[in-house]
Amino acid sequence: MTEARNYTAAEILPILSARQLRDGMVVFAGVGTPLLAATLAQRLNCPRLTILFEGGVVGAFVEPGKLPPSTNDQRCTRRANMVLGSSDVLLLLQRGYVDLGFMGGAQIDQFGNLNSSFIGDPAAPKTRLPGTGGGNDISSLTNMIVAMKHEKRRFVEHVDFITSPGFIRGGTSRRDSGLPAGGMFRVITELAVFGFDETTRRMKVLALNPGVTREEVQDNTGFTLDFDAEIAITEPPTETELRVLRELDSERLFIA
Amino acid sequence: MTEARNYTAAEILPILSARQLRDGMVVFAGVGTPLLAATLAQRLNCPRLTILFEGGVVGAFVEPGKLPPSTNDQRCTRRANMVLGSSDVLLLLQRGYVDLGFMGGAQIDQFGNLNSSFIGDPAAPKTRLPGTGGGNDISSLTNMIVAMKHEKRRFVEHVDFITSPGFIRGGTSRRDSGLPAGGMFRVITELAVFGFDETTRRMKVLALNPGVTREEVQDNTGFTLDFDAEIAITEPPTETELRVLRELDSERLFIA
Amino acid sequence: MHEAQVEPYDRLREKMAGRDRSLREKVMSLEEAGSFVQDGMKVGVGGSTMSRTPMAMIWQLIRQKRKNLSCSRAIVSTDGDLLFGSGVSDHIITSWFAQGILWGLSKVLRHHVEKEGKNYEEWSHMGVGMRFRAGGMGVPFLPMRAMLGSDVLGQRPEGKQIDCPFTGERLLLVPALNPDVALIHVQRCDAYGNAQIDGLQFMDIDLALAADRVILTTERIVSNDQIRRAPDQTKIPFFCVDAVVEVPYGSAPHECYGLYEPMMKHMEAYVKQVNADPIEGMQAYLDKYFHGPKSWNDYLALIGLEELLEASQRGRSIYND
Amino acid sequence: MHEAQVEPYDRLREKMAGRDRSLREKVMSLEEAGSFVQDGMKVGVGGSTMSRTPMAMIWQLIRQKRKNLSCSRAIVSTDGDLLFGSGVSDHIITSWFAQGILWGLSKVLRHHVEKEGKNYEEWSHMGVGMRFRAGGMGVPFLPMRAMLGSDVLGQRPEGKQIDCPFTGERLLLVPALNPDVALIHVQRCDAYGNAQIDGLQFMDIDLALAADRVILTTERIVSNDQIRRAPDQTKIPFFCVDAVVEVPYGSAPHECYGLYEPMMKHMEAYVKQVNADPIEGMQAYLDKYFHGPKSWNDYLALIGLEELLEASQRGRSIYND
């Protein structure tokens, strides 16, 4: 990477993710970068963004410097419009009230499938990961934005295990599996912004982050990437974005 | 009937019904005589009787002189332990939390089936009755006590329409229909107290009300009644039972 | 004409995607809210029997002369008489339909079903509840164990009996009911539609989630700050709600929990009049109380201050302990 | 050994008929309540992640050296570490299992699943929720639209895919889960077990209805009069509850909504110690905090007054607006 930067990889993720949101949307957010990004968007240009949390929260405004350690803690209910049961908040996804799901990821593949369950054979796993939480439900029932670290071992051709479904094996395989709604919309990393081809459902580069080359993205990806005809260059984080982000996570729980 | 009585038919129903209840029971009561009888039992010898109402009430103590006009009115929630949704209170029956259901009846047959939907052909009814309400659910899911006026046209061999199932066509037909739990337990009228044969599931006389003869009961019944080997004679209402009952329904909504 | 068919999931999601679910104020008049209800729609009615009936909205629909509405409700009282008697509805889905247990059979129901061929579609109380709940959950059916073996089910080919794939037990699957619009009356909500409901909820929460549109009438509109101070008291979230109308005494002459009990003098006069003559008596009642008044407040004035005050005194007494 | 099998309805009703559901006081000690839990039982655990965890009851079961418990919970945090690490459980049903998102993977989970062959049975979050809900409703299954097409479902033959008899759509039926006993911690309840829950409910209400026994631990016991004054605030009815134990700070070092937030110093020291050595580190932690103390209050004293007060200050701040 050529130029000096005044921001870290952990900071650009929530900032670029926040830019994907539109005011008035209903967004189901996971803990960490998603929660941070959604809250950042509320503070910047989406004051009427409605954030849902798995713990059973509708329309919260998380307090700067008091980010919840999980989406099941009381801090998530700060200034919420409604608190309800965990199953009931998930059923809102199934009924269709949610515009966008927003998660982190450990391992993703060319079709946007996410693995957070097993490294290696599930019968005798090399590593037992924490599992899906609400991830499978969210990605099964609505459109998804995933924000994650960009490493070759994390961007693989096929995930070891489909915990949270993207487009499964591409084409119509998602709908054919009984998931007619939703699907992967965007993947945000410290290197680029990705979308998915309308037909093949394979991941493709929509925009490069400032100072990042095509080669750099491909070299850090475990499968051959498609590139859009017109590759945009993402605007770098603004001073405002960085200032508000750092206020929000003043404890530096997630952007350290 | 030989001797002069100091009580009316409308008064003996709740009193004899109340005697069927045991302290600590969980009872799902319909409006009118059932509500009155259950509340009477609470005031007499069942202080820990838990009364459920279809409107979504658990463990109410209805106020004397303020009987609710339906089981969906706020008066039903007086001193309740819990108020919940209508479907949720019915689901308590399905899960099995309720010992006894307690209803009135318009038309009953030899197997304890109740009709509150149609007189005549449902396709072109002579009379369209109000329908089941929670009656079908209660009688499908728990043991039942029915308190009703004893008339030949109300006690028929086969009801025109099974709104709330008793033992359907007798024998094992109730269980065979997919109703393994509950069934008719007692029928209380101004003439007698009835039970049901363990095998045939036909209605039989357990006890005659004071001053009532076998012939009188049979003459007012539209099918041939079985009589228990030992027919008891029910004790007449006590002064206490009558006094408390009249206090409860001082507006004389149901015992007029 | 109003056959119960389950909305395919694609269609359900498509309709939902078209709704504006953003955090926005949606306070309007009864007239404006009435335009959400079109002839022939499936209309879910909140409350039960004489409690939290969305009477002001029913009053409005009758004044607007809607036609062929298919209405569904937990339990139907005089609201059903009015829907049939005014001609706005020819199909009512419920488990019990009369004016009230105190008054025996409804001559209005009897006339319209026995003589006019209108359709009272009877399910068990739980059956109606599970149909709304399935609709609210976004599933095409829910399983239940009542109605089996009865003639009520015999009349309902829409329900399907299955042998449980897990236990082999006989079960009834009831189809999801997703009304085009729901009418719900609450004690309070904010301008966005976040609603608090005191006391009995009936089936209103499932109904609000199931419907494709929700018109909320409310005794009072409170600030969003007040809602956010007790988020665990919110029973209906704002994004389910499409219209908010402030209508004091909006259930009159029925009750609203904690605020007023039923206005019994009015109810008894009504019952006497319409049961004496379900056609002329009903028409006279509608002319006087529904078509005559210039406004909802004029309607309340006809019921009379005396009754309103007396019903309010009894209503708030629930909190006297 | 712990295969998911749906309780036949006859058996479910038989068990329920045997329960004393009468209105009676049931206040007892942790030790007495612990006797409701026998080796090999299915145990439902209330709360989620670090919130309203029934820690005092888990502490008790570990002290009583229960064995082979099959535990189920919305989301599992350090409670899962302790259940596996202490040997009381060899099977945990949940959707997410780690100490907390802040601390990455749980070395304790990894050791016991990767090396000791213990069973972490993974369902989606909604899958766990619908299993409890079906159990609470008294139906053998509920339909849902998630998990389809994923390897999570591939690992779960207990779930059955069907074509909807109404719409032809692909659906997943998840089997009812009726735990033998549920452990639930609440802010307050009365001596009969009528419970109020402030803020996040998680899956506790469905769990309480589904379980064959419920042990309620509570921050405080209030009068039945107080409960009856606001019956619409009761979340769990007394007849679901078999034991009531008053245990202040009963979720420590986890949080209890509105009363105390997680005790982070303690949590971080714990995580550091057990992830450094999931066997020795865990044993040392259990010896010091679980087996060592004479009473729950002694356990709290070990966590330290400083942490309790600081967590309480943060906990009640939710009501500062």
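The letters A, B, C and D name the chains in turn, as written, and every chain counts its residues from 1.
We adopt the following convention: contacts are C-beta pairs under 8 Å (C-beta built on N, C-alpha and C of every residue); 3 or more make two chains touch, one makes a residue touch a chain.
Everything numeric here is computed off the predicted structure, so don't read it as measured data.
Colleague: Between chain C and chain D, which partner chains are common?
Modeller: Per touch definition, common to chain C and chain D: A, B.
Colleague: Taking each chain's centre as the mean of its C-alpha atoms, which one ends up farthest from the centre of chain A?
Modeller: B
Colleague: Let me have the rounded angstrom distance from the C-alpha centre of chain B over to the C-alpha centre of chain C, please.
Modeller: Roughly 29 Å, centre to centre.
Colleague: In angstrom, rounded to a whole number, how far apart do the mean CA points of chain A and chain B lie?
Modeller: 59
Colleague: Roughly how many whole angstrom separate the Cα centroids of chain B and chain D?
Modeller: One centre to the other, that is 40 Å.
Colleague: Show the residues in chain B shared as contacts by 2 or more other chains, in ascending order.
Modeller: 57, 77, 79, 83-84, 91, 94, 180
Colleague: What residues in chain C touch two or more of the other chains?
Modeller: 9, 138-139, 144-145, 169, 171, 199-201, 228, 231-232, 321
Colleague: Quick check of your reading of the touch definition: is the inter-chain graph here a line, ring, star, complete or other?
Modeller: other
Colleague: Who touches whom among the chains?
Modeller: A-C, A-D, B-C, B-D, C-D
Colleague: What residues on chain A touch chain D, complex-wise?
Modeller: 31-32, 54-57, 69-70, 72-79, 83-87, 90-91, 94, 117, 122, 125-137, 140-141, 161-165, 168, 173-174, 177-180, 253
Colleague: Inside the complex, what are the residues of chain B that reach chain D?
Modeller: Chain B reaches chain D through residues 23-26, 48-50, 57-59, 77, 79-84, 91-92, 94-97, 99, 180-181.
Colleague: Quick one: in the complex, what on chain D touches chain A?
Modeller: 48-51, 74-75, 77, 94-98, 100-102, 105-106, 109-110, 113-114, 120, 122, 124-127, 129-130, 132-133, 144-152, 155, 161, 169-172, 199-203, 205-206, 255, 257-258, 261-262, 264, 315, 318, 321
Colleague: Taking the touch rule as given, give the residues of chain D at its contact with chain B in the complex, in rising order.
Modeller: Where chain D meets chain B, its residues are 9-10, 12-13, 16-17, 20-24, 136-139, 192, 194, 209, 224, 227-228, 231-232, 234, 237-240.
Colleague: For the complex, give me every residue of chain D touching chain C.
Modeller: Touching chain C: residues 6, 8-9, 138-145, 160, 162, 164-167, 169, 171, 173, 175-176, 198-201, 228-229, 231-232, 321 of chain D.
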